[in-house]
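There are two complexes below, and they share chain A, which is joined by chain B in the first and by chain C in the second.
Then we have the complex of A and B:
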């Protein structure tokens, strides 16, 4: 019987390993340590160099007065941070962004759960609906906002005028009070797709018997939703909240391509402000300090929110 | 019985309305591309009178499109391949050593820190760092994408591996397999659903990313990706929006076709592996 060289090699290797194993258990342990080390090394090195190092550099630059171009700069300590907390512009932008995020999180979560419940019901053609409802997530944010930009600019005003509505007969993105809702609509239009799918996955972990048992005990629809559905969806909810929170506080693509922060700075978001300060106005170190303050806010809110859902889960 | 009928009707009504909201913008976008500039200015919803193809011809004759397509494919493909080689192995090592080793536990949290740090903190120093290393190009972008995907990939893989029964691995060790063999032959196949999830998420993110290519590749048009191509095209031809819509359609076409072919796997992959606790 002739065996391929690979099989032979493999067999020899196996015998070798078996012998090693019977000799002492330490060799397997060493093998484990070595392999684990090799597995971790490349990813760890890249993460340190191209993820952690820029953050550390950023923290350092945020304590200087560098404009990003000139060869020399001074170390200024916490001056940039003190300036930020005194800056009315920053507070105004932060206020807008928090309002935007609250509405986004509320809208996305409620709509996401609602759509997931609909898409989970036993109806004909539900896989077609699922495919369609996830479709917006496949497109790039840039494409979506550029399309909606044209729709808001050219189509909605004509429709608004046709039905005789005064508010909708002009571009709502140019309206100081409504521009935010226009952006929110686009953001939710695309941003709800992934949470919906995640909630759908969460719904599928709920055992059917639980609902039946609850019905036998005389629970109504709202009680079933409150005590069964929501408690099974909590892990998903936690993930969705963190994701949406971050996408709301750091919103950039939509605002850059829909309003550029206008009209009159009414829709200026933090990320856009950082971008403008850093790349357009050459306030390099100041913009990094702004980014760090925002990062601390995001981390803090996320931590509180995770703690909150964890506690709920235990109960 | 009538109650159930009513309920289904309501569900269809809501889902139909949502589908309408999703489809109308896409419909407008597509039909506009077949209209001349003059026709698109007067009618938005009607089908085009004659199928005007010059918008598409003009874009397809643009050599920048092919460079952009090639670059996007290269960057996304290589980044995904590297992610597939590096991340599951790293997560396996972290997941299986975390209980015994303090170092690996610290490492795990160290790898997760990035989830909460907004991109803007890294943005400016990153450009400086990369221009210093001379890698403000496609290769540099690939490295950035791999590093950037670490947090999310490790988080999802380690979470999934915690639910995988260790009996199979132990059986492999008893049979004399070494750690590498055990990983390759036993663990990796078990990780298929979560790998699909991560690959789809990262793949979409790489393909559609705008910000990183904007700050790293927006120099020579030979290194543009599809999103940069669209963005620059739009600023160049902002008046003629039938033309820019045609550009969006062509730039999105590859990913849309991919989605239509793979929809079962994508929806299935995302719903099965997404959140396992």
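Then we have the complex of A and C:
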């Protein structure tokens, strides 16, 4: 009997201790969460202040007829959005941007992987080459564009005339069919540096044994590249694709300094159009609506692309 | 220990928040629209007043001119300091300043509907009753008003025409043309001798748009009337004399320009012109100082662009520089003092001597030999106000892309159709 109630007391005591320990654990966890929360709070507040709030305000202003200067304006609802989708000019510019982005992504990705494979191989002076290939990334976009402006105007026509090429005997930026490729060349020249570095880092993570095993199994170079290299590079590829997509869809600096959207609007991008509508033509609310539509398109395309690459990557 | 962690976390969070917000402070913001506040100029407190002057001119000569004047003003008024801020993309800068309530105390501007909207919306001070206006040429003062009100001190004018390399024409035995037919004949003659008649910066949309607007005014300075008829359907765009004449004139100019004029920007065009790359350049009086910078001995004369219709040839003029005061300034008296100082004849003379444009302040001596033909037209009253002061806001900028497309592919019908659409949309907004 004595032992019975003692055991019961002991059991009750044990339960009490367990509850106290659990409560202590929860309390500790809550304290930790509070600490983490407090550390994150300033960054989150800044993110809300400088990112979320402008978006919300932008959506509001896009539903008005504000010209960017007057203190008063009228609420117009979805009028700006309706005008955008009915505007042939917007569709033409969107088409240009899509074409430009596809070519940019293809060019940057292929050239980036190719250069990364080269720089990852055992070649003499590898470090020097790595430095040289990264050099364009440290220059500003405007500086690069202004330099290439002069190259396209003064140097290439002379070289083109010397080799007897009619196409390159004049400034290609003045040719409505070739101007886009001129801008693409400059963009890829500068834009391939960082992806190359990222791919190079990705290549370093691929175990050599896999290639050896594949060789033993009779895989050729292309099969090894497709089933091993690309699979391991998919996370990096995903990052590069998102960055390059965004860079292509929002291209502004190169176009503004190389062609200003000309000749005759042949190279006008969405970002340049938004700038012109907002700051040159004082159609401020309309330009904000265009920016929001563009943002939704970029987000949608990025989401699809990330989902696709997530499924394919090595787990 | 846990308590210490919390304290540390809270302290670090507070410090980070404070550091983040210090970057947002703007000690010089003036956010009170609607009129004067304290008047500190030469005040009893003895404090030195600082006013910001934002300039729309980025040319070295204009900056030097204002620097010289500001130094003289500050010497006369040791209690006022003027901070000179030249802005390259002025329209973007002033629009952004207006949106963020950070208007400069004083700023200069050209003639543009944007600034009239700013005045209408109370961002620019009404200068009614100021005595310094008595020193401005009355006709220009009248032109500078908006809705009958004085909102700016008009200062210098610009004119538009053709710079002729008199040495190249003389070497080839050619006379300076006076009519449109003579101009085309001279161009044909030059081309046959292997000399490019026109140097055009067709890559630069601003230049293309300006040329389009000035030529339309030269064709008919009542352009606004005809455009209103297009907008209300009285005239079809295809029947517009102005649009048709402009399209054919532009095509003629393109024919006599270099093949890749669409790849030539303004800087390259100046370099080409001074290096004998062409005999003529269609531009404004503001360009002479730049040409002289490149080549001090260049032999040029500016002539009016002859009316392509054969009608009267008039010179388009624009009030190139005006000075305004923001309504949000906290130093109204100091700003008015600055404008009064600028309006004095001797100071306007300094500006003109540096910058080279005709001045509208009475008594200023202006005698630039290269502009003799233009000055004669101005003295005879054969002038008209550039259409950018008359057209609705944004019209020129919307049409200029299609003007560049016309240069590119020569499709007059496409240009007229596009221009007509824009005119109808803009006037009926």
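Heads up, the rule we're going with is that the second predicted complex is superposed on the first by the 280 of 315 C-alpha atoms of A that agree within 3 Å, B and C clash if a C-alpha of one lies under 4 Å from a C-alpha of the other, contacts with A are read in each partner's own complex, and residues count from 1 in each chain.
Operating definition for what follows: a contact is a pair of C-beta atoms (placed from the backbone, for glycine too) under 8 Å apart; a residue touches a chain by one contact, two chains touch by 3 or more.
Since we're looking at a predicted model, the values are computed, not measured.
Put simply, more of the residues of chain A are touched by B, taking chain B and chain C as the two choices. After overlaying the two complexes on the shared chain, residue contacts for A:67 are found with chain C alone; chain B is out of touch. By the touch criterion stated above, A:35 is placed in contact with chain B and with chain C alike.
In the superposition on chain A, contact of A:46 is made with both chain B and chain C. In the superposed model, A:81 makes contact with neither chain B nor chain C.
Once the two complexes are laid over each other on the shared chain, residue contacts for A:225 go to neither chain B nor chain C. When both complexes are overlaid on chain A, the residue A:211 reaches neither chain B nor chain C. Touching of chain A by both chain B and chain C, each in its own complex, is seen for residues 28, 31, 34-35, 39, 42-43, 46, 68. The residues of chain B lying in touch with chain A in their complex are 8, 11-12, 14-15, 18-19, 21-23, 25-26, 28-29, 44, 86-87, 89-90, 92-94, 96-97, 104, 107, 111, 113-126, 128-129, 143-144, 146-148, 150-151, 154, 173, 176-180, 183, 204, 207-211, 227, 230-231, 234, 241, 244-245, 248, 251-252, 255-256, 259, 263-264, 266-267, 270-272, 274-275, 277.
Listed in rising order, the residues of chain A touching chain B in the complex are 14, 17-18, 21, 28, 31-32, 34-37, 39-40, 42-44, 46-47, 49-55, 57-58, 61, 68, 115, 118-119, 121, 123, 127, 129-143, 146-148, 150-151, 154-155, 158, 189, 194, 197-198, 200-202, 204, 235-236, 239, 242, 246, 249-250, 252-253, 271, 274-275, 278, 284, 287-288, 290-292, 294-295, 298-299, 302. Residue ranges on chain C touching chain A, taken from their complex, read 2, 5-6, 9-10, 12-13, 16-17, 20, 33, 91-92, 95, 98-99, 114, 117-118, 121-123, 202-205, 259-265, 268, 393-394, 397-398, 401-402, 404-409.
In the complex of the two chains, the chain A residues touching chain C come out as 28, 31, 34-35, 38-39, 41-43, 45-46, 67-72, 149, 152-153, 157, 170-174, 176, 259-266, 268, 276, 279-283.
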